[in-house]
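Shared between the two complexes below is chain A, which has chain B as its partner in the first and chain C in the second.
And then the complex of A and B:
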């Protein structure tokens, strides 16, 4: 639709206002984290009753004290280490299970494969809040309560279905002729897959790795249920549970922890977003 | 021969993943059903069969009925808001403008950040003494003298807070899915409708909405499941309080089954999540079968 000058200008202004409003809503909690994490305590704990004190800006010089405190005086570095080590093992388990399964569903199992693929994906939707009670039973039977091994055992229950589905879509996007020509050249099916398909699949595999890692960083319910010792916690549980002591909230270092964890995750996630959307929407969008 | 070998290899490659899922999703799921009809406490491993006693107890409790109602209200309210706002935002983001990819990154942040940590950010925003929202309401003159909001200490305000965080968190997810749907409608379809003389509303109801339905379905399906089963937001924001008035099924199951140690009761509460999940699964399977026919 072509509209004349003033209407176009008004339209553009409305468009800009809508975009800005939504962006402000999305970013505000993170902005609030930044302000809190770098404020001096005397600037931070003034109280909202005092209308003369604007809480949205730095009224005094910013400080790195809270960030320093977080990294030197709290178990935050340990939690980061725990999360990363659990994440890496979970990634290894996930790839070992999901790569063969995804390939099989994409190429080898025909009509049945399609149904089975959807079935596998549906297990990704089985929520942790339905399973955490039987799991805590299972884990105490196995003697894994209060160990990070419990998380290593349980986390693949959502990373494997998700990554199998993601990789199935990825393998389907590679033309079947690639292996077939390698097989004509004398490779076995398995040999063709390992030598020809896997090198082409690096972007797909990388996506699976990134999403498994972010899912591990985001997970809260299982970790809250299984881990009780502070030094064994993951970031997403340690920060809300153990950084608050008694009734005393160390908001500066608390918000610093939220910020330092969330922003890198958001950046990495953003880079792989389009593949994620492709995985979720599946056949609903024809690309 | 080759076909047969392929099929065998296919089964071998698939088996480990299927076995893992059967063992670690299937078995706990069955265990949840068993635990719900037994009494057992977290400490001991003896179980006694009690039939539907847990369900009867649970249903008789007013706290449970409040939690059930809250779960439905939270899910419906936040999904309605998210679908409405998500469409507006997706249309706004579809248009090319300077800095669009940066805006997309900013808008995506709530979805990418770990929910437990971003909810802490909101906890601080809703803090009774230092709330940024209260400061604005005070400065703008909305509050009369002595008037004040205790966001998380009040049932109605607490529910508004919980819904706000859910909307904030799910909006990016829904928006990018709707955006993917919008960009998949070829420009020619709109042009053809324009040539046929279709107006804005006629285009909306005869072209855009029908073509968007499959993708909206996906967005609603995931959004509903994620919101309906979530306990992090309520657990971290209000702990179900004041007086258990803002609990949802998941947070109540955690409080009774894990913190309270009444495993059977907790399992019974969590099982109330199941009917909706089954409906969602069936819808998803039916949709995929239709897609196969087409």
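And then the complex of A and C:
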């Protein structure tokens, strides 16, 4: 039985309200970042007693001062560059290791594949606050203290297990018959993987890339431990070091830094993942 | 020349011995159907021929080469998978051209072959589409097209029709048969549908539990099943089995079960006399039973009570009870009976089968 008019309307309204609530929850941090990053200091730092002041809006004209400060008075561009270059290398290393590992765990080792997969995933769960002590010893033996190479070496220890596990699940969801068909059609196993499996895995690969990048962007403990010179830091450590001086917070510039780092990631997440995930394997097998 | 020869082929998985000692010769240009119930090892056998599964022991020859150690791509075979396994990211054209591209055919040749195949299969208008934009039947055609453009020496089909609805299945069955006549290639076709097996195969290979039970032309397998399994598997509705005891009376042999006493035809007596006083399984197909008027075929008819009447239009299936046995009879649509009525059923004496209850092997006509 179909529900009658007023009930349906009420249902739709509740639905909208819930969606709006979650949307607001997700958007609010970004909104707060934007407002804070472009507010003038006199608009930003107002006594708590001043109840007439509405902190959620621009009470004075927006300004680019904080952004300018960030880019000219701090080594923020250098940190961005460090973060990006570490990120890209880590992504490359991660894909180079996790794709073959995930594929073999998914296809070649039967029941053991699953157990090994879980084992690999467990290593990801060991917290970095525990691992940085042995790692710092390793890093110093290798003579990599205070270089970004230390991070390039250490970050894959958590990106590789996670991405291997993620890609394993992804490869498993692709029917083996597709690549077998390619092998009958004239490919070697490697050829079938490259020509058929990888193109179908783009959503999985993108997820792995974005995941690795995000981890590199937000990682704090290792970066703080292994890097001491300001000009070699990554964003996640450099920004708080430079913009929090004692108990003075440069909120405007802090928020500008967060904005510049997080908005591209958010855009990539929404643009690519939605478009790729699902749908792409449709039609491979039966009807 | 592409004979496919399997010699003592075995496949063991961790817990299952899926294929047991299969030996089979498939002649050049022959259409052979592997048929059997689910899990009997048909797919595994086919995958070993394709090279997708490694044989535990035994040999596989295609043409004059031993192919055990060749990868699938070097075996010159094409396979149509049950799930079709089309490449979802490629158009229909690219799906069909893929195998030729991999083999470095010149572009014009590829184009010509793809167009030819598309025409044969009636999918010229779909070449630009992606697999997800096709119906099940169209996908199936693309999968077949992908196989035929390659002009392989051997076609392997793994239940290619099982995902289609009943009507389309019958239509594609006819088309596949026509296609085979046209292509003149060796084909190995796997199905669990015995109607498909009978209609498509030059020869039928009945498998059960990893073993080949019988190899023969469809009517041969139907008419002279080698054992009880084959007898019950081929034919629909399947053969009736009666547990009887052989008795001698006045120089003739009788197969007796409670409430039934059937005379053993003279030509069968020679072999069956060895079973006198012992049990044998009597087999009779539903279509070999007919309603008999009065007592016109003494010894070859028996009384039964009708339990269920299933009119199919062209015929009527009767579920009857005779003594303590349940039988199915396939009688003419003119037969007028109702449930719980008595009916006299006669059988064609030359069409009955006897099986040894212990070995389940057929007891042959003569020595």
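The criterion applied here is as follows: the second predicted complex is superposed on the first by the 228 of 287 C-alpha atoms of A that agree within 3 Å, B and C clash if a C-alpha of one lies under 4 Å from a C-alpha of the other, contacts with A are read in each partner's own complex, and residues count from 1 in each chain.
To be clear about the criterion, a contact is a pair of C-beta atoms (placed from the backbone, for glycine too) under 8 Å apart; a residue touches a chain by one contact, two chains touch by 3 or more.
Only a predicted model underlies this, so the values are computations on that prediction, with no experimental measurement involved.
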Open item on the list: Just to be sure I read the superposition right, which of the two partners does A:154 touch: chain B = first, chain C = second, or both, or neither?
Closed with: first
- [ ] Using the touch definition from the top, say if A:198 reaches chain B (first), chain C (second), both or neither.
- [x] neither
- [ ] Would you sort A:206 into first (chain B), second (chain C), both or neither based on which partner it touches?
- [x] neither
- [ ] Report for A:181: first if it touches chain B alone, second if chain C alone, otherwise both or neither.
- [x] second
- [ ] Examine A:13 and indicate which partner it touches, taking first as chain B and second as chain C; both and neither are also allowed.
- [x] neither
Open item on the list: Per the contact definition in the header, classify A:64: touching chain B only (first), chain C only (second), both, or neither.
Closed with: neither
- [ ] In the overlay, work out which of chain B or chain C sits against more residues of chain A.
- [x] B
Task: Contact residues of chain A, present in both the chain B and the chain C interface - done: 110, 280-287
TODO: Within their complex, state which residues of chain A touch chain B.
DONE: 1, 15-16, 18-19, 22-23, 25-30, 32-33, 36, 44-49, 51, 55-56, 96-98, 100-101, 103-105, 107-110, 113-116, 118, 120, 122-123, 125-138, 141, 153-154, 156-157, 160-161, 164, 189-190, 214, 217-218, 220-221, 224-225, 235-237, 239-240, 249, 251, 254-255, 257-258, 261-263, 265-267, 269-270, 273, 277, 280-287
Open item on the list: Touching residues of chain B toward chain A in the complex: what are they?
Closed with: 5-7, 9-11, 13-14, 16-18, 20-21, 24-25, 27-29, 31-32, 35, 42, 45, 85, 88-89, 92-93, 95, 97, 103-122, 124-125, 129-132, 134-135, 138-139, 148, 168, 171-172, 176-177, 180-181, 184, 194, 214-215, 217-218, 222, 225, 229-232, 235-236, 249-250, 253-254, 257-258, 263, 266-267, 270-271, 273-274, 277, 280-281, 284-285, 288, 291-292
TODO: Sort out for me which residues of chain A touch chain C in the complex.
DONE: 110, 175, 177-178, 180-188, 191, 196, 199-200, 279-287
Task: Residue ranges of chain C in contact with chain A within the complex - done: 14, 50-52, 71-73, 77-79, 81-89, 98-99, 102-103, 130-136, 139, 146, 150, 163
